[in-house]
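Pasting the structures here.
The two complexes that follow have chain A in common; it is paired with chain B in the first and with chain C in the second.
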Partner chain A sequence: MNPSWYWPTPNGKPPLTAVLSVVLPIAVLVLTASTVDMSTNKVFYALPRMLDFTQHLWVMPDWHYLPQLGKKMLETVEMTLLATALAVMISMPLGILAAKNASPNPWIFRMTRDLLSFIRALPELVWALVFVSALGLGPLPGIMALALVTVGFMGKFIAESIEVVDFKAIEGLESTGCTKFQSILYAMLPQAVPDFIGSLLYILDHNLRAASILGLVGAGGIGYDMVMSMRLFNYERIGMIALSIYALVTLLDRLSDVFRQKAIGGILNVH
Partner chain B sequence: MSTNTLPTKPKNLFPVWLSVVLALLWLIIWDLGVDFKDLLYGIEDMTEYFSRYGTPNFSNISSYLYLMVQTLVTAFWGTTLAFIIAAVVAPYAARPLTPNAVAYRVARELLNFMRAMPDLLLALIFVSSMGLGPLPGVLALSVHTAGFLGKFFAENMERVPAGKYEALSAVGAGFTQKIVFAAWPSMLREAVGNTLYIFDRNVRMAAVLGLVGAGGIGLELHDALRLFKYNQASALIIIILITIVVIDNLSSWIRKVLN
Partner chain C sequence: MAYISLREVCKVYPNGYCALKNINLDIEAGQFIAVLGPSGAGKSTLLRAMNALDPATQGEITIDGVTLNKKNYRKIRAHVGMVFQQFNLVDRLNVMTNVLVGRLAEHSWLSSLFYLFPKMDYQIAEAALREVDLLDKAWSRADKLSGGQQQRVGIARALAQQPKLILADEPIASLDPKASEEVLKLLRKICSEKGITIIINLHQVEYAKQYADRIIALNAGWLVFDGSPEQLTAAKQAEIYGTTYEETSHEPELVLAHT
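Here is the complex of A and B:
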C-alpha cells in the first residue's frame, strides 16, 4: 500500500492523505447539503409520516389480486431470463473481441471496448423510456432495454475473465500449431468458464432487480402495478408486491450463492 | 498381463444444458407473447424514430447542468450515508467479529432486506412520506446500497487473515478495537473499491430517480419524452452519458492509483 497512508508517521502527525480523504468528503457533504434539501428538520418531520405509512401496511392483503400478482411476477422473471440469455448470446463474441489476448487486432479491441462502455453508460430505465416510446407498452421494450445494458456489462466481464487466463495453456496449444480461433475455443474459454458463471449469476441478480422496476415506465413486469398501487394508496396491494419482490430477490440471492460455490469448486461440469 | 484401464471420460453435459436452456427460452417467448419479428418489420420505423433524436437542443443547458449536479450530489450523499450505515452494521454480519450468533443473523437479515427492496420502490415510499425533492432520493439510495456495501464489507472482514484478529484478541482488544485496528486497515483497499463501485451505480440510479419525483435529471428526461420533445431528450441523454463516462473513468483511475 502507498506508504503515505501509514500511521503512525515518523513525525507523529496524522498522514496528510488520510486527513484529506476524510476532510474533503465532509466538506463536499456540508457544501452540498442544501442542494439535496438535507436537513435534520425535514428528516425528523418525515418520521411520523413514515410510521403512519408503515402502520397502513398492516391490513388484510387483497387476495383477489393474487392471480394477477403471480402473473406479473412470472412476467418479471421471464423478462429477466430472456433478456439475460439474449445478452449472453450477443456479448459472447463481443467479449472475445474486447479481450486483449483474444482480439484479432488492436483496433478491433479498442473499438469493441469503447462500444461496450458506451452501451453500459446509460441506465436500463433510460433505454426503457426510449424503447417504450419507440415500440409501445409491453414487455418487449423492457427486454430490449435490459438486454442492451446487459450486453455492455457482460461483454466487459467476459473480456476481463478471458484476459486473466493462464498463458501456459494458450502457449501449449499454439506450440501444436493451432489457429487463433482454436486457441480461443480450447484454451481461453474453458479457463474463463468459472469466472463467467460468477458474472452471469451477478448479472441475473442485477437484471431481476432491474426488471422489477422497469414497469415504472410501462416496460412490463411487476413495476407498473407497484407504482399504481403506490399512487392510489392501495395498501392492500403494496405490502403483497413488496413482499413478493423481497422473497424472489432473496431466493435468487441464496440460489446464486449455492451455485457460485459449486461452479468455483469445479463440481459443475459445464464443458 | 497389465490391465490398461484409462479413467472414464467425463460426460459432456453441454448439449443437455443447452437444449434445456433453449427449450426454456422458447417457452418464455411463447408465454410472454413477444414477437421479435415486430422488431424486424419495425426497423424502418425505428430508424425514423431514432433520427428524431438527431439534433440535440441545448437551449436549456444551464438548468440541465444544475439538475445533473443535483443528481451527482444525490448519489454522493446516498453513497456516504450508505457507507456509514454499512460500516456500523458490517462487523456484526462478519463471522470472525460478531459478538454472538443472534447479532450475526439479525445483521445479515437486515442487510439482505435492505438489498432486496428496489431503490425506486423505496424512493416512492419516501416521496409519499416527505414530499417531492432530492431528499427522498438520497434516503432511498442510502438504504438500498447500504445493504450491498454492508455485505461487501462483511465479506471483506471475513477474508482478513484470522491471525490478525487472534493477535489483537491476545492482547485484550475489544470489539471496536478489533474493527479499527485489524479489520479496516487490512480491507481498506477493497472497501474503497466497493464504495467507488457503489458510487458509480448510484450515479446511474440517481439519474432515473426523478421518474418517481425524487429529484435529479430523470424527471426532466421523462417529461421531455412524454411531450415528444426529442431534441431536448437527446440533449439530456448526452449530458447523462458524458457524466457517467467521466465518473466511470475517474473511479477506475482512482482504483488504479490505489493498487
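Here is the complex of A and C:
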C-alpha cells in the first residue's frame, strides 16, 4: 500500500541531517557503553547503598555548626562575586578582540581566541591547585583560579554575542563616517547587551557551584567543610551544607530571572 | 564641474557578478534625483559606491571636488548622509542617541567611549528631530517606534551629519503608503529648503515622476535613461522594466515526488 504521510522535503524522505542526529547519538552510546563500564546491573545493585546513604541524612542537624556554616557560605558567595566581577572587567576588551567583526586584525583575533581556549582548557580545580601551591591556602588562590577560567568563558561568550549582532545597525553607523571603535561602542555593544546579561547570569550560577567545591584543594569556600564531613561520615553537617548550597543556587536563579526580564525589556538602557 | 561626477564607474563583486557597467553621470547640487530600475539592476550598488560602503572596482567618483579613494572614505562619509530601506538604527538605543550618532565622526575616541556629547551636538540633534517632527519621541527606544517613525529617525541621523548630500536607498520599500508619502514629502522638503542634494532609489515610477527633478534608470548595470520626469514616457518605462517581465514570466512548476 502506498503510504500517505511524507516529510516536507522534495522527495518525501526525511533529511539526512535529521536521521544522523538521531542515529549517531544512539550508535555512540551502544559503542562506548562497554568501555566506560556502564552496566545497568551495577547501578541496580548499588541502589540499596544509595538509599542507605540518603537515610543517614535524616538526622538532627548539628546546630553548633551553624555559625561556621554561615561564615563559609558567605565566603563562597564573596569569592563568586569578586571573581566574576574581576573576570567581566578583563574579558570585555578580550571579548571584543576575539570577535571576528570587531577585532582590529585577523592575527589579533586568532591569538585572542587561542589564548581564551588555553585558559579554558584546564578546569578551575586544576588552576586552583596551581595557585594554592604558589600563594598558599585560602580564598585568594580560589578567586584567582575562578576569575581566570571565567575570563576564558566570558571572553568567548562576549565574542560570540558580538559576532551575531545584526549587521544593519553597524552599517548604519559606518555610513556616517565614524571609526570602527565607535561602531563597536555604539552599534555592537548595545545590541549585544541581552546576550551579555544571559551569559553573565549563567556564569554567576556556574561560579557559585564552582566556588563551593574549590575548598577541596584548600582554595577557600564551603568546599573544604563539605569534603571533610563526607570523609568523616559527619551526616549532621552534610545535609546542612547541601541544603544551604541548594538554597543559594535557587535564590540566585530566581534573582537572575527577574533581572533578565528587566534587562531585556529595556529598563537597563543607556540614558 | 558638477557637484557629483561618476566617470566610467564599474562594480564587479568578488563572485564575478558585474553590478555596474561603465556609468557616466553628472549631478548638480541641490537636485532631487530618483533612480529607477528593476530589482537587481544596480540601484543600491550605485548609491553604495558613492559613499564607498561598496566601493567601485573601476572608474572615478568625485563628490564636491574630492575624489573617493581608500584613504578618504570616512572623511567623505562624514558629510554624506545615508537612509536605508531597513532604517539601520541601533534598536536598543534611544532616538536621541541614534541621531547623535550622526555627530560621532567629529569626535575623538575618548569622548565616544563615555557616550558623552557636547551641548552643540544636542542642539543639532534637536533641530534634526524637530525637522522630522519626532522631538516628542526623543527618549523612546528606537525599536518601540513604528516603521515610518523609525525611517524619520534615520533621516534625522543623516541630517545631524549636516550633509550636503543624502543617499536614500529604497527608503519607502518597507513602509505603508501613508508613511511612504510622509517620508518622500519630508525628503523633498529637505532638498528644497536646505538645498541638500538627494539621490533616492525608488520602485514606484509615479512617486519618482511626482517628486523628482531628474530621473535616472538602470537595468542590468547599464544606465538606460537619464532625463526629466516629463521625458519618462510610457514607452520608456516599458523599455526600462521590459526585459525583466519576460524573465519572470515563466514560473517553475512545483515538483512533487510524493505521488
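Simple rule for what comes next: the second predicted complex is superposed on the first by the 222 of 271 C-alpha atoms of A that agree within 3 Å, B and C clash if a C-alpha of one lies under 4 Å from a C-alpha of the other, contacts with A are read in each partner's own complex, and residues count from 1 in each chain.
We take it that a residue touches a chain if its C-beta (ideal position, glycine included) is under 8 Å from a C-beta of that chain, and two chains touch if they have at least 3 such contacts.
These numbers were taken from a predicted model, which means no experiment stands behind them.
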{"item": "Touching partner for A:Thr176 - first (chain B), second (chain C), both, neither", "value": "second"}
{"item": "First, second, both or neither for A:Leu255, with chain B first and chain C second", "value": "neither"}
{"item": "Partner chain in contact with A:Leu29 - chain B first, chain C second, else both or neither", "value": "first"}
{"item": "Touched partner set for A:Leu20, first chain B, second chain C, both or neither", "value": "neither"}
{"item": "Superposition-derived comparison: chain B or chain C, residues of chain A touched", "value": "B"}
{"item": "Which of chain B and chain C A:Leu232 touches, first, second, both or neither", "value": "neither"}
{"item": "Shared chain A surface residues [contacts with chain B and with chain C]", "value": "269-271"}
{"item": "Residues of chain A defined as touching chain B within the complex", "value": "1-2, 5, 25, 28-29, 32-33, 35-38, 42-43, 45-46, 49-50, 52-53, 74-75, 78-79, 81-82, 85, 117-118, 121-123, 125-126, 129-130, 133-135, 138-140, 143-144, 209, 212-213, 216-217, 220, 223, 226-227, 230, 242, 245-246, 249-250, 253, 269-271"}
{"item": "Chain B residues touching chain A - in the complex, by the definition given at the top", "value": "10-14, 17, 21, 24-25, 28-29, 31-32, 34-35, 38-39, 42, 45-46, 49-50, 69-70, 73-74, 76-77, 80, 112-113, 115-118, 120-121, 124-126, 128-130, 133-135, 137-139, 188-189, 204-205, 207-208, 211-212, 215, 218, 221-222, 225, 233, 237, 240-241, 244-245, 248, 258"}
{"item": "Of chain A, residues touching chain C in the complex", "value": "6, 10-12, 166, 168-169, 171-179, 181-182, 185-187, 190-191, 193-194, 266, 269-271"}
{"item": "Chain C - residues contacting chain A, complex", "value": "51, 53, 73-82, 84, 86-94, 96-97, 101-102, 104-105, 107, 109, 112-113, 115, 139, 141, 154, 157, 161, 255-258"}
